[in-house]
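Look for chain A in each of the two complexes below; its partner is chain B in the first and chain C in the second.
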Partner chain A sequence: MGLVTRKNLFAIMGLCAMVGLLLLPIVMALPSPAIGEEAPAADAEKKEGDKVEKGRDVYYKTEGIVMGAPAPKTVDGPRDYPRYNFESRVLLWFANQQHLYYGSFVLAVPIFCMIIEFMGVVTKDKALAKRYDQLAYDFIKISLTAYSLTAVLGGILIFTFLTLYPAFFGYLSGIFRPVMHIYALMFVAESGTLYIYYYGWDKMKEGFLKWIHLSMSVVLNIIGTLLMFLANSWIGFMMSPAGVDEQGRFLGNIWHVIHTALWNPLNLHRILGNMAFGGGVVAAYAAYKFLASKTDEDRAHYDWMGYIAMALGVAFLIPLPFAGYWLMREVYAYRQQMGITLMGGLLAWLFIIQATMIGILFLSTNYYLWQAMGRMRGAEKYQRYIKYLVFLLACGYMVFITPHTMVMTPAELKAMGGQQHPVLGNYGVMSAKNGGINVIITTTVLSFVWYMRGNKVSTVSWAKFGNIFMGVFFACAYINIIGLAVYGYYIPANVRVGLSVPQVATTLSCLFFMFALNGVMMKGAKQMGPIEWGKISARSQYALIMLATAFTWMMGLMGYIRSSVRLFWHVNEIMRDNSPWAYTHTVGFAANMISFNVLFFWVSILFVFWLGSLAAKKAPVEAKAGVPGAVPQPAASH
Partner chain B sequence: MGNLISEALSMGWVAIAILAGLLVYFQVSIADPAAKKRAVFKTFIGIVATFLLFMAIANYKNNFYGENRMLPASLALITVTSFVMAMYFTNLGALLKIGGFMFFVAAFLSGYGNWLPQVEGGFPPKEEKITWDSMTPQQLADKGEEIIFGGIGKSSVQGEIGKGQCPLCHGFQKGFLSERAPNLYGLPERAEKERLADPRYSMNAPAKRDTVEKEACPGCGTGTTAQEYIAESHACPNCYVVAGFGLKGSNDRESQMPKIHKPPISLSLPELAAVDTWMYLREGKEPPSYEDMIKSYEKFIPESDRPKQQEDKPAGAASSLLADGSEPVDQIFAKGQCVSCHVIPGIPGAVGTIGPKLEEGTNAPLRLKDPGYKGTAKSTTEYIMESIVEPSAYVVKPFPDNTMPKVFGQKLSAGALKKIVDYLSQVKVGAPPPKIS
Partner chain C sequence: MKALMSLGALVGVLGLLLLGGMIFDVVPSNTVRLVEGYMPMQMLIEVGCYVAGFAGLSYMLSAMGMPMPRFWQGIGFWLFFMLYLKFRVYPPIPFSVRAMYGTVSMVAVFMWISASEEDWKKFKQPIMNVLDAQTGMNKMMRYLYLVLIPILVGGFSYNAMVPKSEEPVELRTVHPAPPASTKVHGKTYVLQTSQSPYRVNPEGKYDQEYSNANIVEQGMGRLMKPNANPWDDKNQGYLKYVKEGGEIFFQNCHFCHGDNLNGRGLHAFAFNPIPANFTDPGTIAQLQETFIFWRVSKGGIGLPNEGFPWASVMPPWEQHLTVDEIWKVILFEYWHTGYYPRTWD
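Moving on to the complex of A and B:
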């Protein structure tokens, strides 16, 4: 008892240390608002007689006392743009993208761990609880390997910035000075918390201590998320500056600088994106381990791991288009011109690629689920209908990627006789494209529902009615989505846009109601047979790898689009880019560069995985002793 | 291909030589024939894979900035290399296959990106601070030509239009037919000898004018010199309308010219001075000094009405386009000066009568059926687009041909044209005008 109490005490102290680490940057931040908001007001009174220069916030339109230097007017030369014998922008692009990939991964995985560990704690099946716990531990182990690389890449990024863009970086760090050290402290807090969380796993695996451990993961994720929000404020400021006057002079309110027009949608978009990306990376890791496995036991474990990672990733992928919609709406609200450059101007072709990739992601997910049904006895009854799902997905995809209006020069416009292609122009209007993607998402929901009930037969008394209701609900959903898509051709463009709301609402209804209803129907369901984890085709694992690679590529693509929409501005409309690279590359060059970044990330992380597998070869002896790392027995449920 | 192979060899000969050495070594040193055959074969595969890898690197190096879009071929080569290696190095098989598959996905996506039409955002215009008052008359005139025609030397090219949009209505060359607004050739001389002397101008007696506006601003008075006449006609086109060029039905009491110091054109006073200087200099006449020109405009444009000078703003915002499509459709009609010549239901100020009333939702289908129609449009939207980019394809009776400028295909962005077409296709006779978006 005394020992347990002492353990509890240490655990509580550990948790308090984490909370302390979390609060430390916040306490440090307290003087900032004082510097930012109240001090100028007090100063203003004091110096009433003196001449105090005031400026007007470019976004909030409030007046503030000028507290910083104007944005430097750079000139092309070694002072503002020192360089190696290579395009500086490309070097920075590479450093930034690698840091972002690793950063996203190490921020996403602890959120997974938190969810999976929680599932392990609340589940009543002890074998399953142990498996969840083991899985969460495996996840954090992978993330820890990548963590040090993230820090190294962060250092490389800062040095690249300082070396190649000193004036620009100097200006930004001047603006963000009040929170620069807080950012650094948050990073220290994140590291400290992560290490306590990881190394405390064995010591706090049961009872009250497990809850303390779980609380630590919550603190860890709060710190990680705040860290990301702070990082996002830099890019938010570069795209939609606030808190400065027209000359770029800081007006004393750091909250205005952070809380720019695009900060919130960027934050949401990045959380969801990171989660989907993290899911993809872990799924690819599981696929790699599955393909390299020598025993059925290993295959079973990594098959299950891949499935969970994929399911979590896709769960965050589904709302991502809606978060993207919000971001774009805010972009249009902030600067219509920026929105047009993105969606209907210089960068519009990149959105065609994006549409193609969204389709690839959903097709891969569905393909994986259909393959996964092969390991369930009883799922055969659904497999014969898969061809119809393929048809629906193919039709939805074709409609979704068909452009309606194209980016053209006036000469091309004249040659074509209008902005629409004579044939394709009849298709691909917004409501039809929305119809396409909503058919794809609804079909993915249907695939998930079939997968979840693959080897089960509902035993509730109203099962027949429930099945008919679900069938009718899905049928009505398809009719509504497709009907509205067709109706869009008969009404003016400005009215047509409004059809997206009922279409999306239909899809979300399917997602929430059908999952919930299916869950209720399958509670206590009769099992036709076990899920034979590990008995899945190798092709399915390539679907996971496709998912991971395509998502990494899309992340690179969207990051590029977001960054290049500033065109020739370092900070939009405040600090101009006067380097020799202040132009936008062609689509082809961008695609090549994105591929390079994606492959560099994957080659490096596969190398990390391989290194990890070398260390794991020593594990079997320990595994038998029952420490984390032991291969769990496959369970019958998912 | 030959170049690629030789470059691959020159880059990777050391690695290939080492592998070849190994191959010889295995051939000589391994006694067991089966083991020897295996080792030699694997090394040979290694040599082939290494060679392919260096070909991929050479291709990457050559095409990184190339325009032939062959860079994804490198990724495809590495895909092949990985899968070949995976077949023979089974202990790393999973890793190599996964890597190869990733390269394949990247090759496909890169290839797709390179297959699409390549659009490159050009360099932004140079940032320059203009110091108007220290310019020579010639420099000022050059700026003026840029404002009127969009570039130096472009005054001699038909159809060129600059920020000021003057050539949409005015002729500038001697003898050039100018139906919508007076030809401005000879204006400095004509202003003094004819305009100021015209009783309708009512010099120094603005109250006697029979126009919808008597003065540019209360107490501004009238022009007394040629330069002041020009300044007044820019600042207040309604104060005096040259006979025959008034708004149809107004009996020359109202002009169809917009005030060009106001949005959407918004020429600043120095820009107006530059425009005037060009009009003097191109006829070989000595222009008034810059200061005198500015004074002439200050007389007719009160300070509150003067557009802000955009000296510190980068010229990046400037564009050869009249409208880029980001504006609401009514502004696009205003910027394109469509409002000067057409009545467009629902568009404020669109009261021009030089061209037909634009109710294209009703008219376009009728015109497409007209036996006299020789254009290529098949639908209402195509007809409207055709009438904008190629106005002579079909000329509505009784309006004359060649009145509408043929430059809108070049001067309006695709987005702006689309907005115009969308709007006009919804305008129908007797129906309420569509919503402006």
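Moving on to the complex of A and C:
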């Protein structure tokens, strides 16, 4: 007992230390506004008569005392743009993208761990709890090696900036000096917390200690999320600068510099994106292990792992298009020309590729779920209706990817009689596309509902009414989504933008109400047979790999689009890019570069997985206990 | 159920016959007209009817003891869809879009025929039979494929590589991003905040809701709203300006942009691409009024870098029209098409 108490005490101290680490940067940051806002005022009072130069914030339109140097006016040459005999931008692109991939992965996986560990703690079935716990442990193990690689890539990225873009990086670090220091400190806090969390897993396995361990994961994720927010403030500043005057001089308010027009939408979009990406990568890992498995037991474990990772990834994928929509809305609100360059102008074709990728994600998810129904006895009844879901998905997808600006030969243009096709041109605008993507997501929700009730027959007395209600609800949802998409053509654009709200609300209503209703209907349902984990088709696992690859490709693409929209600016409208590479790459070059980044990431992450498997081979036998499909084992006690 | 399926089968057969007629040019593509304004939904509904028809046809064939093999169902549906896009939809769809749709439909067919293990086996069976070549017929087919596939691949490669006299594909940016501001007749207009001085209510204040209430009706016919006839001499304010804009339009713009503002004027087909079709929801309906002001003022030569390959012969109208005339002609274009300029609030 005494030992346990001491353990508890140490654990609480550890948790307090983490919270302290979390608060440390905030405490350190507190004097910063004081320096930024009050100190100069005091100085100003002292030096009465001295002229204090004031500037006007380019975004907030407030006045502030000039506290920094103007943005450098760079010239092409070795001073501002030292280079190898190679395009510096491409080198930076590569370093940045790899760091972002790994960064996203190591930020997402601990969130999964937190969720899964929590599920393990609250579940009453001990065998299941142990399985969840083991799964969370497997997840964090995968991310640990990736974590060091993230730090290494971060170092490479900074060196690349310093050596190839010294003037730009000097300016950025001059503005963000306190933020960068806080970032570095938080990285230390993140590392410390992660290692305690990982190595303390076995020591804090049960009872009160388990809750402490779980709390550590919460702290870990808060630190990770704040880290990402800080990094986002840099890219937010580059796209939509604030807190500086027209010459780029810092006006003393660091919060204005961080809290730019696009910071919040970027934060939300990246959290969801990271989660979906992390889920995809873990699902692909599970798929790879499933395909390479030699025993039924292993196949069952990795089938289950793949399913959980996919479900978590997709749970964050579903709201992702809506977060993206908000981001784009804010971009348009910030600068109309930026929005048009993105979605109607120079980069519009990349958005069509993005739409294609989003479609692939949802199609892969649906396909996986249909395949997964194959390992349930009783799910056959849904098979004959799948063709109608395919029809809905394909129609939604085709509308979603129809380009507004079509690629055609001059002869085709002439035959068509104009730039806009009278039929397909209507699919190329936002109203139709909103309808398309909402139909796709609603169909995905329907596939999930079918999956959840695949091997079950509801036993509640109102089952028939419930089924009819669900059917009518989905039918009404489709009618509403498509009806609003059509109605969007008859109203002003600003009202049309607002139509996305009821469309999204319809989709989310299907998600929440139908999941909840299905859950109630299936409570105590008659089981037609168990889920035969491990007996899923190989095709389903390729769908998971496809899902992960599409995520990776899409992340690379969207990062490129977001960065390219600044066109020839390092910092939009403040600091001009005068390097020889201040032009937008062709779509083909960008696609090749993204593919190279994706390929490099997957090859390197396979190496990380391999390292992880080496560690697993040395792990004690106890750590491998509790695979699904095996006879449930009672939880081991310490 | 059987009656419903029979009806579906009938629809399927009729649809196939109709499409067959269109392919062999016996029946014109516009026998069943694609109605302007309803075309996009009409096309989706038509494809939906075909799907229902094929489901009915498949059911009936099975009921008659002549089930269609899954392999041919999959291949047949994909071929049908490609032919539908090629021969039914008019004007012709560019190849790039048909290729996109073709790929999506191929993926969709794959998802359908491999959704369950049983279906997937059925689909694979004919392919496996040819590969295994247990019968003389299959052996012959295998040899045939051995010869045909490389010839086809070679043919496609040759066709792709052979130099063509056709002009290359252009990835044209139809609506390039506008500048933040534009200078016309010595005055600078900020595109994000400028407003048309003629979009006003009877009190003379800028009022888009008022002008929106007086534009022609959307949909077929584009009828004028009651008491909103710009050619009524008693009009003052907004409707009077619309009329003045109309006069400017018919003196200067309609030769290219057409009487109906659909880009099919007298000289339209002398240009490639033909002038913008304002009745299309993808043109002025998508844009702020100030965007149009910028484009009309600066014309084709004023297109920014992003407007590559600058394929526009529109004159810079600031050299021929006053600022007021430009605003009025834009007012008329929105009034006539029944669209509203884009706003961001």
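Everything below uses one rule, namely that the second predicted complex is superposed on the first by the 573 of 638 C-alpha atoms of A that agree within 3 Å, B and C clash if a C-alpha of one lies under 4 Å from a C-alpha of the other, contacts with A are read in each partner's own complex, and residues count from 1 in each chain.
Everything that follows uses one rule, which is that a contact is a pair of C-beta atoms (placed from the backbone, for glycine too) under 8 Å apart; a residue touches a chain by one contact, two chains touch by 3 or more.
Everything numeric in this text was worked out from a predicted model, so none of it was measured.
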Exercise. Report for A:A151: first if it touches chain B alone, second if chain C alone, otherwise both or neither.
Key: neither
Practice problem: Determine, under the contact definition given at the top, whether A:I340 touches first (chain B), second (chain C), both, or neither. | Solution: both
Quiz item: In the superposed arrangement, does A:A292 touch chain B (first), chain C (second), both or neither?
Solution: first
Quiz item: With the two structures laid over each other on chain A, which partner does A:M398 touch: chain B (first), chain C (second), both, or neither?
Solution: second
Practice problem: Please work out whether A:R576 is in contact with chain B alone, chain C alone, both, or neither, and reply first, second, both or neither. | Solution: first
Exercise. Could you look at A:W349 and tell me whether it touches chain B, chain C, both or neither (first, second, both, neither)?
Key: both
Quiz item: Taking the superposition as given, does A:V603 touch the first partner, chain B, the second, chain C, both, or neither?
Solution: first
Quiz item: When the two structures are overlaid on chain A, which partner does A:V587 contact: first (chain B), second (chain C), both, or neither?
Solution: both
Exercise. Check the residue A:P492 against both partner chains and state whether it touches chain B (first), chain C (second), both, or neither.
Key: both
Exercise. Report, in rising order, the residues of chain A that make contact with chain B in one complex and with chain C in the other.
Key: 336-337, 340, 344-346, 349, 356, 405, 407-408, 410-411, 413-414, 417-420, 492-494, 587
Self-check item: Sites on chain B touched by chain A in the complex
Solution: 64-65, 69, 71-72, 75, 93-95, 97-99, 101-103, 105-107, 109-110, 112-114, 116-124, 127, 314, 316, 324-326, 376-377, 381-382, 385-386, 389-390, 409-410, 412-415, 417-418, 421-422, 426, 434-435, 437
Practice problem: Please name which positions on chain C make contact with chain A in the complex. | Solution: 34, 36, 39-41, 43-44, 47-48, 51, 55, 89, 91-97, 100-101, 104-105, 107-108, 111-112, 114-117, 119-120, 166-180, 191-192, 208, 212, 218-219, 263-264, 269, 272-274, 276-277, 280-283, 285-286, 288, 306, 340-345
Self-check item: Touching residues (chain side chain A, partner chain C) in the complex
Solution: 332-333, 335-341, 344-346, 348-349, 356, 359, 363, 366-367, 370-371, 374, 380, 383, 386-388, 390-391, 393-395, 397-399, 401-429, 431-432, 486, 489-494, 537, 539, 587
Quiz prompt | Interfacial residue positions of chain A with respect to chain B in the complex | solution = 73, 284, 287-288, 291-292, 336-337, 340, 344-346, 349, 352-353, 356-357, 405, 407-408, 410-411, 413-414, 417-420, 492-494, 542, 545-546, 549-550, 553, 564, 567-568, 576-578, 582-592, 594-595, 598-599, 602-603, 606, 610
